[in-house]
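Read the structure below first, then the notes.
Chain nomenclature is as follows: A, B and C, assigned in order of appearance, with residue numbering initiated at 1 for each chain independently.
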Amino acid sequence: MKRNRLVATSVASTITLALALTACSTGGNDNGSGEGEAATGDIRVWLNGSDTPDAAREYLKTTFEEENPGSTLTIEEQSWTGLVDKLTTSLSGSDSPDVVEVGNTQSPAFTSAGFFREITEEEFQSLGGDDLLQGFVEAGDWDEKHYALPYYAGSRAVFYSPSAIGSDITVPATLDEYVELGKSLKTDSRSGVYWPGQDWYNALPFIWENGGFIAEQNDAGEWEGGFSSEGGLAGLAQVQDLMTNASLAPKDGQETDLQVPFCEGKVAFLSAPTWIQWSINAPEEPETPDGVPGCASTYGGDLTAFPLPGKEAGTTAQVFAGGSNIAVAQKSNNPELAFKAFEIMMSDEYQTILAENGLIPAKVSLASAVPQDNPIAQAGVAAAANTRLTPASPKWADVEAQNVLQSAFTKIANGDDVKTVAAELDAKIEEILNS
Amino acid sequence: MSTISTTPVAAVRHASPSAAKPAVRKSRETRRKKAANIVYAILAIVVFVGSAFPVYWMINTSFLPANLIRGSELHYFPTPETFTLRNYESAILSEDRAAFLPALGNSLAVTLFTLLVAMLLGFLASLAVTRFRFKGRRAFILAILVVQMIPGEAMMISIFRIIDGWQLLNTIIGLGIVYVSGVLPFTIWTLRGFVNGVPAELEEAAMIDGCSRGKAFWKITFPLLAPGLVATGVFAFIQAWNEFVMALIIMSRPDSMTLPVWLRTFLQATQATNWGAVMAGAVLIAIPVVIFFLIVQGRMTGGLVSGAVKG
Amino acid sequence: MSSTTLEPRTERSGAAVRPPKKRRPPVLPWTLLLPSLVVLGVLVGYPIVRLVVMSFQKYERAQLMGQPAEWVGFDNYAQVLTDVDGFWTVLLRSFLFMVVCVALTMLIGTLVALLMMRLGKGFRLLVSIGLLLAWAMPALAGTVVWGWIFDSDYGVVNNLLTKITGENWLGHAWLINPLLFFTVATIIIVWGAVPFVAFTMYAGLTQIPGEVLEAAQLDGAGPVKRFRLIMVPYVRSIITVLVVLSIIWDLRVFTQIYALQDIGGIREQTNTIGVYIYQMGMAQGHYGLAGAISVIFVFIMLAISFYYVRQTVREEEL
């Protein structure tokens, strides 16, 4: 009796859902309204976190409102937490923002699914063309069309404080020297190289410099993982050497609050994004209520940095570039105005403001605007000259979403067999990319 | 069993039940041995410390200056030298993040909406399924159970679509009905258990006394359900108050943000997180829940039921 | 006993007395149900239908933007059910985790409720406030604080252990061993779930008339016997509700595990079904697959709770 009822209900729902399905697939295709007439309106720009400096925000708003009388521009700050969820729903809904920032590794998930308005070849050329950071352009491409463009990049450098480790330190010239030096600087209470196990971005240069790769497409178009390649294994071995013999960081830790151990003098070398300098050389007693304490009077005061050296002397290592892309929402209610705001954000003036505030601008030609008055900035720019990205597959986002690399490098830090971890990692990556 | 089915009639007849504050017979607690009481008191303190320690740690942290929060030296107690209100200042006043007060207003509105609607609908539905026998009742009860097994993470998109279709994005009602639909199955399911605990004879007695059935439900059953209503009400309140993901995607504009979403804006990807402010913010979020609970907790004891029965 | 149309729901009262005039259409109960039905039908019923539809489709992010979805029959189901390392491992892990959490939650919750019965007003309020504080703590702050307590370098636990044992525990990673990870996760879940169970049990226990307990005591029944023979039958429906809800919630647990994985541990060894579905759906945009997992999951839950469901339905047949 009960079973019968269950069957009956499920049959009934199958019918309803078939109806629901047809209703949805016909209704879903129209998007955007009021295309054509360049009306006035309010443009909503979503920027993430507080990375975009206030000067740039100010410039964007005033310039846009001057150039488009009667229209307004609102910047809505989004938090990185839950960003993909929020973008997925909002960009596909009726209350879509007009211009959005996405992390460069997140962007394929959206470009491949039609969330962004296409940028024509002509527009692309006028917005910078070949002058734009190539890796980030690729991250915003899909099916040989442009959808999202570079916004800014960050880069990584190796930080240290001479007062903590002695001013007679010679900056290592090669990656191998860096490994040796890092190990020799380790004491019972101090990491030679501070490296929490989940921090996989820092491991990539070792793979690349040793001739390994993350994954590449073979002739048949299949992705093949490269951690088990000769270079990959050599790189992983170096990573494990550092993680186990030079680092006292938590084997399963994340790369957050790095300034804390550094300021306690527990870190000799710290490979980190360049913005970490602001956290380290902040005063012990924050000046603003919002400030986070650093150690300006001790190890932060003489903080300096060098770009991670490459395999050969005189080169810098290829490092992973983090950063953001920006795009115009497909469902923007005001695509033309939205594109105008987008143009301002890609303009030389706007990008110069970003550069002046220490970010690496979207255009290579503007890199000189990054202040190079101190060794940290120079190290950042030098490192940015040799950046590399994760495999250009929309499925790569899945690899990151499953935190495959965090898991693998935690195991490496924990001392697991490199060959086994590499084989598992390759298998997992191949499974996802080729699915 | 016989105690319940006979005495309440008298009880209802004698006292107007909505205002029933019957003289509870002198507690038998007093007869307990002192030793046992001491053991219980110790256990109570253990339970209190066990459940409150993380909260204590949060509060303790919220009064520490930023440079003492993360470090090898742990500060177990606040001292006059270290005590600071700076984190609260930062959480509430900082211009770098969304304003606290509007988020508080949104959270209060959504939560009260959820609470009132869920309690009312839940009460009515639980009456229907416990006090009546009708076709479709079993199916309904079964459906209420099954619905709770479905992982919410899988339905987020569809729910967003519905709210969007009704043009209710960024509205209190939009988020409110999503929360109501979230806690309602639970509310019905739990209240059903409590309604079962209230003898139907009480209602019958009232009806014999000339109450209409609706009045009997309202005047007799509803007040007697107080413990159940409080238990489910606190649940609904906390669910709505602390929910994050649906609030994030439905209230997508900055001025419609709720408190949990506001708290996440403290976490920065490319800056060190101001943990003191996070903890201060979390303390601020927890305070209204505690206030709400203190208001309703007196109703949680089954005083009315046992009183009515003992009469 | 049942005089008018009003039927008392006293257990086992027998369906024998059923006056023929009750055959008229039950307007009142449906009126009472209507508001709930509308809300649930639209906001739960429809999404479920969509979920089931999606589970038979290749439904990805592009479909959200209006591209027609391809019908793939049982492909999603086949993919999920053959994924031994993924789905089945995660499911088994979630199941074991749930059993431990539910058992501990119910045990501790019931004991705390019984304790509250014995306490005077002051101490009862103290316990209530302690429980409430735990319950009221925002999930984010809760997990962050627990993360701090077990932090490798700066945690309270390592700090105390170092002080007590004299050995150096600093740097000891608690979460990297999956078993310890789930021990910490169990503490967090049970800590968060006990207040609800304790409050509800307590509310239920106070409904028991004092005379009944008193009579039992006079008959010489010890505390255990009184609990088993008097209290349990009274609050049986509340206990079953709590157990079933705890099973459901702990199997689906998401926030705490997800946040704890951020703090430490090896993710692929610590995923639970809630995290797995989230990763498939929202994080990776495979809504069809996530739908299939959810449907399978619900069927497995039904199988687990089959006995209880049958029991409920049978009781309702009265």
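Here is the rule we use: a residue touches a chain if its C-beta (ideal position, glycine included) is under 8 Å from a C-beta of that chain, and two chains touch if they have at least 3 such contacts.
Only a predicted model underlies this, so the values are computations on that prediction, with no experimental measurement involved.
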B-C against A-B, pair bridged by the larger set of C-beta contacts: B-C
Farthest chain (mean CA position) relative to chain C: A
Chain A and chain C, separation of their C-alpha mean positions in angstrom: 37
Centre-to-centre distance between chain C and chain B (centres being mean Cα positions), rounded to whole Å: 16
Centre-of-Cα separation between chain B and chain A, whole angstrom: 40
Residue numbers of chain C (touch at least two other chains): 46, 48, 50, 64, 153-154, 282, 313
Contacts with 2+ other chains: residues of chain B: 70-72, 156-157, 244, 264
Multi-partner residues of chain A (at least 2 other chains): 85, 88, 260
Residues of chain A defined as touching chain C within the complex: 2, 13-14, 16-18, 20-21, 25, 28-31, 84-85, 88, 92, 109-110, 112-115, 197-198, 248, 250-254, 260-261, 330-331, 397-398, 401-404, 406-407, 410-411, 414
For the chain C and chain B complex, residues of the former touching the latter: 3-4, 6-10, 22, 26, 28-30, 32-33, 35-37, 39-40, 42-44, 46-48, 50-51, 64, 112, 115, 118-120, 123-142, 144-146, 148-149, 153-154, 156, 159, 170, 191, 194-196, 199-200, 202-212, 214, 234-235, 237-238, 241, 244-245, 248, 252, 254-255, 273-274, 277-278, 281-282, 287, 290-291, 293-294, 297-298, 301-302, 305, 309, 312-313, 316-318
Touching residues (chain side chain B, partner chain C) in the complex: 3-4, 25, 28-29, 32, 36-37, 40-41, 43-45, 47-52, 54-55, 57-58, 61, 70-72, 74, 120-122, 124-125, 127-135, 137-138, 140-159, 162, 177-178, 180-181, 184-186, 188-190, 192-201, 203-204, 207, 213, 227-228, 230-231, 234-235, 238, 242, 244, 259-260, 263-264, 275, 278-279, 282, 285-286, 289-290, 293, 297, 300-303, 305-306, 309-310
Of all residues in chain B, those that touch chain A in their complex: 65-67, 70-72, 86-87, 89-90, 93-94, 96-98, 139, 156-157, 160-161, 164, 167, 169-170, 244-245, 248-249, 252-254, 261, 264-265, 267-274, 277
Interfacial residue positions of chain C with respect to chain A in the complex: 46, 48-50, 52-53, 60-62, 64-69, 151-154, 171, 173, 175-176, 261-269, 279, 282-285, 310, 313
